[in-house]
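The structures considered in this document are given below.
Next come two complexes, and both contain chain A; in the first it sits with chain B, in the second with chain C.
Here is the complex of A and B:
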């Protein structure tokens, strides 16, 4: 059974990111096997699957942290041959990852601008523009509702888990980007914060960005996503537009490990 | 007031070291009836501090990236030997360049193994420490290098260790210039922000698009360069060097950096603190000499004082910077 996911876009429109037959192994462990998936601008795609299904590995490739062993990745029609985060960021791919992204020894302002620090010339030397670092990062964390007692000169380690997560999201969306990848963005967040993150994801999509949203919560993602891709043991087992299947149906696919007789592994 | 002080100490890890230096200076001066504070002794302590500090600044920057450079002792020796070995033939200018290149070469070798091949810096630089100490012993077997009268008249020779400006040996001026430049680099430039970030969390720094390999390679090159330059300054002052030149200096450099508030777990360093750390070590040394402590006891006492000082510093910082 084949479920084609193009109900939401103009037929013939080119994918922003195209992944073709990508494989990746960590030693003897095959993390990804022949993954092929297309992502379009202006789309919110839910990437779901059990622990160890390969979700995080796939987004690590998309954000340039690790190269695939084989297969092809295209961005905006251009083949990507070298994978490193600087290139991904330059192309406008910003990722909010679970375990990484912040340096605890640096201040909030320094973390905010790490890798793209604003500078001013001083006798030909590029000096950090600390005032604009302070002002810009202070404005963003206030806009995202972090508590007023946080000084952007304080080490980021003074923030709580939820605040750090909010900060990473704020940082990701406040630079001009084309793709936002969120790896379990609502972990550590309160119910209200969770609602705000989901709202934000939808807003970003409406602004024309591609949003790839990784989660375990199939019901939550079914409410906001346009399309849902399910990975299982490193393979893509489903790729369905939201209207084509109920959240219960998707859950059944995951529960069956992609071997459900009613919904079967999908090929694209 | 209290939150202000605690925030200040948290942001300035050298506060404890500076307080400790003030206390022990007063103590040493009174115990030696002012002899420790005499012009001659202060001159000698300040010169020794300058040379050790220049080497320790390089160490501090390596520590900032959560690595360590144990090879600086032999790099110091190689720098000194290269300078004094070549200068009588080529003149001091070319010899200085050769010595600095030798330091850069050792640093690049360390950087290659640590940053590119990702081998532990502890074992790599321990290896290069032995390797270049071995080379230093081998090439100077049975003889040593000394400055000639011709060299002593050269401008470059006097500019890198031989000469004085007012009451100060030129090494002091070099140390001031180097700390100013490095302080600006580490705390006020994008590159410095990334150096500290690598030490805080290398994987996160990489994910923000920073080339971690380049930065780690770079800090080892800077460390090698500064260690060799410190060796030149010492050789220029003494006018003599043999195979044992710089032996065990790496331990003093690491001690100065750590006493000065550099965190061995990376990401947090203080160059001003490192300067005071170096001053503390050299001050203790001269104090023991004035007291007439036998040389064989002296390293033992230095060790005891270093351990005690680091304990005091840690306790002070914990008490004051408590959140």
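Here is the complex of A and C:
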């Protein structure tokens, strides 16, 4: 059975993102079936599920990369009818993924402003404002505690995996985003780097952002999330606030392949 | 200093300095000669313009094999139009033709999700065939009157004994360098070539950037043809054959990575100069011209190997 979220999850507030009855297929493969889920500002939501559960597909819709076959998506109460990455970026939805987001062939400063380059007029021609690019990216490196030895003119490829993740989060935050989607942000990171990234995720939430955190690791997400949504075979099988269920209980749901645990459904 | 050595065009810079010193010691009478300079600068301009356009395409991780035929087709269009219309107008129409060719290449590559190597290989044959069909195999150069036209002189004339074509190439190289390093478009171009998925995720219109690269490439091929024809009236249907590979060789020897995302316009111009200067010296020494082709191959392998080793060493430091 499906566990339905309470409609008044955060009393008196409207969801920032509302997904209603969304379906999506890749050819014959049904990636998402009747997904309905609400996300609120100032919330850290864990999106959990096995490989092929539909987590990434859902995120691709929210990032404007692919449109759903059917169903509705609302952002801040407004129905989204066309899906393209630029719109998601304009609305302030930024997704942070392990493998993409930074161009290794560009400097730290150029990566920081990728797609949002500051310009100044030079005889009516828009040219890069390199000074403000350097200054702003140097500031963000200091603010987020990256190594002092990093120069903003260095190639971004000199950064370690954890530093790159931190840098992406820093970039997402400093451009006044409203939604940060983290797609398995701590894969391949050392224990300390992982702690740092999770700390940042909590800080973002406390600043009023909506953080959607995708992971396999139910125990890790249970520590930091406010609410956990579990997908299984393209369906939502659980949507519970963390106080309502232990990490073990959630793990049991995943292990049972979405069938509700014998202890009965837990309502949020 | 370290950052300077990491520039992709360091290899070709050193190569050019080496051949300059070598030729000045070996054969100073021939090397420090105004006619040598004129002939090298003319061919550097022609190859350089083609290669600058190719640089844009290679930077976005594509390749344009059609430039040699496009060079020929735009040239033939320019001559044909000039028989009916004024020189500036035929130049304008020839450039519009070049823009359409670039747009078509990009549309097929992007729309059809096809490798640019295949699409532009088709272009190589198609535009060459178009030249044969439209001219019935006979191309006359532009008549004397047309070459005396003010506009033709502007492109193909002299300025203080230096050929205008060479000066145009230098000016355009400067502008392209500025576009690549000083504008948001340049940043988008490097990003689209270095990591298209990441560029896309940050809202960069990667396909639009690719389209511009193909258009610029065809336009530069057309400009190169006009520079050639306003100076040198001798031409035939094989105009530009082999230029696609020579332009790619000049770009690659100039340090631009075929994998995209890294390269400089300066390197491309130096690469064009390098090949041209060596060819000129080989001819001066009486070596059979066919040796030049083998030399291009050897030089290419040598420089790319050195570049790769150098960048590996710098990265490991």
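Quick note on the criterion: the second predicted complex is superposed on the first by the 248 of 268 C-alpha atoms of A that agree within 3 Å, B and C clash if a C-alpha of one lies under 4 Å from a C-alpha of the other, contacts with A are read in each partner's own complex, and residues count from 1 in each chain.
Everything that follows uses one rule, which is that contacts are C-beta pairs under 8 Å (C-beta built on N, C-alpha and C of every residue); 3 or more make two chains touch, one makes a residue touch a chain.
Note that this is a predicted model, so its numbers are computed, not measured.
Steric overlap between chain B and chain C is present once the structures are superposed on chain A. Once chain A of one complex is fitted onto chain A of the other, the partner contacts of A:200 are absent, as it touches neither chain B nor chain C. Applying the stated contact rule after C-alpha superposition, one finds that A:240 touches neither chain B nor chain C. In the superposition on chain A, contact is made by A:119 with both chain B and chain C. The larger set of touched chain A residues comes from B, when the choice is between chain B and chain C.
Residue contacts after overlaying the shared chain place A:229 against neither chain B nor chain C. Judged by the touch definition given at the top, the superposed model places A:250 against neither chain B nor chain C.
Legend: residue contacts after superposition of the two complexes on their common chain; A:53 is shown touching neither chain B nor chain C. Contact with both chain B and chain C is seen for A:85 once the two complexes are overlaid on the shared chain.
Within chain A, the residues touched by chain B in the first complex and by chain C in the second are 63, 85-86, 89, 95, 97, 99-106, 110, 113-117, 119, 125-128, 153. On the chain A side of its complex with chain B, the touching residues are 63, 65, 84-86, 88-90, 95, 97, 99-106, 110, 113-117, 119, 125-128, 130, 153, 155, 158.
Residues 10-11, 184, 188-190, 192-194, 196-197, 199-201, 203-211, 266-268, 323 of chain B are the ones touching chain A in the complex. Contact residues of chain A toward chain C in the complex are 63, 85-86, 89, 95, 97, 99-106, 110, 113-117, 119, 125-128, 153. In the complex of the two chains, the chain C residues touching chain A come out as 3, 178, 182-184, 186-188, 190-191, 193-195, 197-205, 261-262.
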